Amino acid sequence: MEIIKTKNLDLFYGKVQALKNINLNIEKNSVTALIGPSGCGKSTFLRTINRMNDLIDNVKITGEVLYEGQNIYSDYDVIELRKKIGMVFQKPNPFPMSIYDNVAYGPRVHGIKNKSRLDEIVERSLKGSVLWEEVKDRLNKSALGLSGGQQQRLCIARTLSVEPDVLLMDEPTSALDPISTLKIEELMDVLKKEYTVIIVTHNMQQAGRISDNTAFFLNGEIVESGNTENIFYKPLDKRTEDYITGRFG
Amino acid sequence: MNNKKILIKLKNEYIGRTYAIICGLLIVILTFSMMFFIFSKGMNTFINDGASLKEFLFSSVWQPDSDTPKFGALIFIAGSTLVSIGAVVLSAPISVALAIFIHYISPKLGDRMLQPALELFVGIPSVVYGWIGFSVLLPFIKSGFGGIGFSMLAGILVLSVMILPTIASISADAVKVVPKNYLEASYGLGATRWQTISRVIVPAAKGGILTGIVLGLARAFGEALAVQMVIGNSIKFANGILSPTSTLTSILTMDMGNTVSGTPWNDALWSLALLLLVISFTFILIIRAIGKRGE
Amino acid sequence: MDAKLKDKIWTIILYAISGFVVLLLLVLIIYILFKGRNFLSFSFLFGNPKVGEAGGGIAPMFFNSFYMLIVSLLITIPLGVGAGIFLAEYAKEGLLMNIVRLCIETLASLPSIVVGLFGLLVFVNMTHWGFTILSGAMAIAVLNFPALTRVSENAIRSAAESVKEASLGLGATPWQTISRVILPSAMPQILTGIILASGRIFGEAAALLFTAGMSAPPLHFDTISLIDKSSPFSLMRPAETLAVYIWKLNAEGMVPDASDIANKASAVLILMVLVFNVSARIIGSKIYNSYSGKK
């Protein structure tokens, strides 16, 4: 059953059209990978889902993006939306605060002040991103002292703290070393039990390893989308096959 | 439930946002009110006291406190102009030399000695410059060149030290951003460092250097106390670099405290202030124009 | 060969000019500190000025300078930071922003005497306050508003880069993002700007001549009130600051040891400015170090 659905989505930066007629369904509790060469629109598409594109002037969007059946632009308050749909970025960006305060930021901003509730949320979120054991004794130390991979898992914990339903990940491991990358990929299998994950990646092996469904973007359009095994082993479109086999991209 | 939501939104966003917007608008309001008030006070001389703009700008007869008041401000305009230009002529070459030194001759020394030195120069209050000018420079000029010490020369020397950091730091920024490939091209052709500096770097940076010079000129024009303490404040043209005179800022400093609001004398001083305002604004426009040309 | 010789000669010239400038600064500072070396006497620092006889002190003026600094900072900081937030986070590119930026440039380049005259017009005459600390502080606030806005805006923009998206992505409002994450990050840079501005404020005179006035009644610290004129903490009393006093000594010289007092007072002023400058550097690098690593 689908949790996110886009209908005839077009996006323009000024006069330039970055997304063309995107129709995509995202299944609940699945991991969907968005793949394609640089500049093909996959990150732009991802950022449409939690309305991060609102931050850019000159952006025009037509078509519909439905979350649980409701249009996120007309029927939803953007703040509520971002509680339900969280985002992890390519470069880890912890706040210059303690580990605890980083994870507690989201709940605090949404009005939760009770210390024991916050403690519980922090612990749950850090466990959810498999970071708890490594940091539980130094929650008050600055987040900037963590390694890159740990910082990214902290950012994931931070996103989990507001109890979203969907996690958007924009190339979350491209700035990390192979071991951290592996840890986060293992995390995805665990995360999808409770959440729906959409991940943008230019690493095709990663997409093949961790996702249930894949969408292949090219020049702002979706060329082909569907079950990951099908896309990778039995692509219908020649362009998909060329990309998967590495002829370009 | 809805009311609670609105209250929360208020606390989280709207109060803060409104505050920031008010501060931003305050800048605009302040600027416009400053221009408005000084304009209306300054125009009194022309509206109420019957002076003409031509007389104000071109006549050197300044007797605003006589029975038939005369409002010729030429002496002050000349004084300000000559002293400022003199200061720039003296200080610009030195400033550019410093800029070149900081970035191309010895960046280490430049960073550790020159930059802090320039910052300290800026930090010295203008009264102290004026005081040192008065207590050291004036006797020096008097004994070396004759006269009473109070002079345009003293004004020029004091001002040139005061505007040196301004021109130097802006020129340094301009000289720093000359594209590396110009330098590589020049050296690659076998030019010496000095040739590269004088034929490539300085011409390439001339927009920024010019901006620095105009800014220095503007600062010199607007400096009040330091100039007032050494220039002599006599209301006549300087007949030579060693004679005293007055500037727009010096006469304002001297006389504003002695006049009563509403009298022609007071109105005349406000007109001088308005003139200063107009000249400052003109400098800004010139600087913006230079900036646009550079692009 | 000729070109190489020229290169060497010019290099020497540039070294000479730079050395000269640094030397000049040292001479100026050492001269004043030497001439005024006797400032470290109790009767000078804590004594009242005398009329007609030698041996006066600068206590009230020194206190006035500090108090003026604090009051004007209390006004300028909220406004400057607010305007900086507006420009960095809320203003959209377009006509409004251009107008605001032009206003900032205009205000920033106004001669301080013009700002002082505006202060006279509005904060002294129009409000019927007369010469008061409040008038002076407002004039100084106008003077420093643009600089602090610029510092705040730059600090906020650079602090915002990495963390803004993360915060908004979690569902925080722009204001929450600013107040909880960006501003705290930007504080060190803003603080450095404030300390540097304090040095300038401490030495400011031209803007205060006609707003805070030139009289410094002896201060009796037994009354504490913001309004009662007999209290040193009153905002509504005239307050000659140290810099203004130096100017007045030179202009009116009503005591036989005016030169001596001016030298000592200048030494104090320069020392205070040095203290502010050095503090700004130390605090700036300390906070920077503590930020990029630990908490």
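The letters A, B and C name the chains in turn, as written, and every chain counts its residues from 1.
Heads up, the rule we're going with is that a contact is a pair of C-beta atoms (placed from the backbone, for glycine too) under 8 Å apart; a residue touches a chain by one contact, two chains touch by 3 or more.
Values in this document were obtained by computation on a predicted structure and should not be read as measured data.
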If you drop chain C from consideration, which chains still connect to each other through contacts? A | B
For chain A, which other chain has the most distant CA centre? B
For which chain is the distance between its Cα centroid and the global protein Cα centroid smallest? C
Just how far, in Å, is the C-alpha centre of chain C from the one of chain B? 18
Approximate Å spacing (C-alpha centroids) for the pair chain A, chain C: 48
Between chain A and chain B, centroid-to-centroid distance (C-alpha), Å: 54
Junction residues of chain C, two or more chains touched: 173, 176
Pull out every residue in chain B that's touching 2 or more other chains. 12
Hunt down the residues of chain A that sit against at least two other chains at once, touch-wise. 109
The answer for chain A against chain C in the complex is residues 50, 52, 55, 57, 79-83, 86-87, 89, 91, 93-98, 105-106, 108-110, 141-142, 144-145, 155, 158-159, 161-162
What residues on chain B touch chain C, complex-wise? 9, 12-17, 19-24, 26-28, 30-34, 37-38, 41, 94, 97-98, 100-101, 105-106, 109-110, 113-114, 117, 119-121, 123-128, 130-132, 134-136, 161, 164, 191-195, 197-198, 215, 218, 221-225, 229, 249, 252-253, 256-257, 261, 270, 273, 276-277, 280-281, 283-284, 288
Quick check on the complex: what are the chain C residues that touch chain A? 92-93, 162-163, 165-173, 176, 180-181, 184-185, 291-295
Applying the document's contact rule, which stretches of chain C touch chain B when the two form their complex? 3-4, 6-7, 10-11, 13-15, 17-18, 21-22, 24-25, 28-29, 31-32, 35, 78-83, 85-87, 89-91, 99-100, 102-107, 109-115, 117-118, 120-122, 125, 142, 145-146, 149, 173-176, 178-179, 199-200, 202-206, 209-210, 214, 243-244, 246-247, 250-251, 259, 262-263, 266, 269-270, 273-274, 276-277
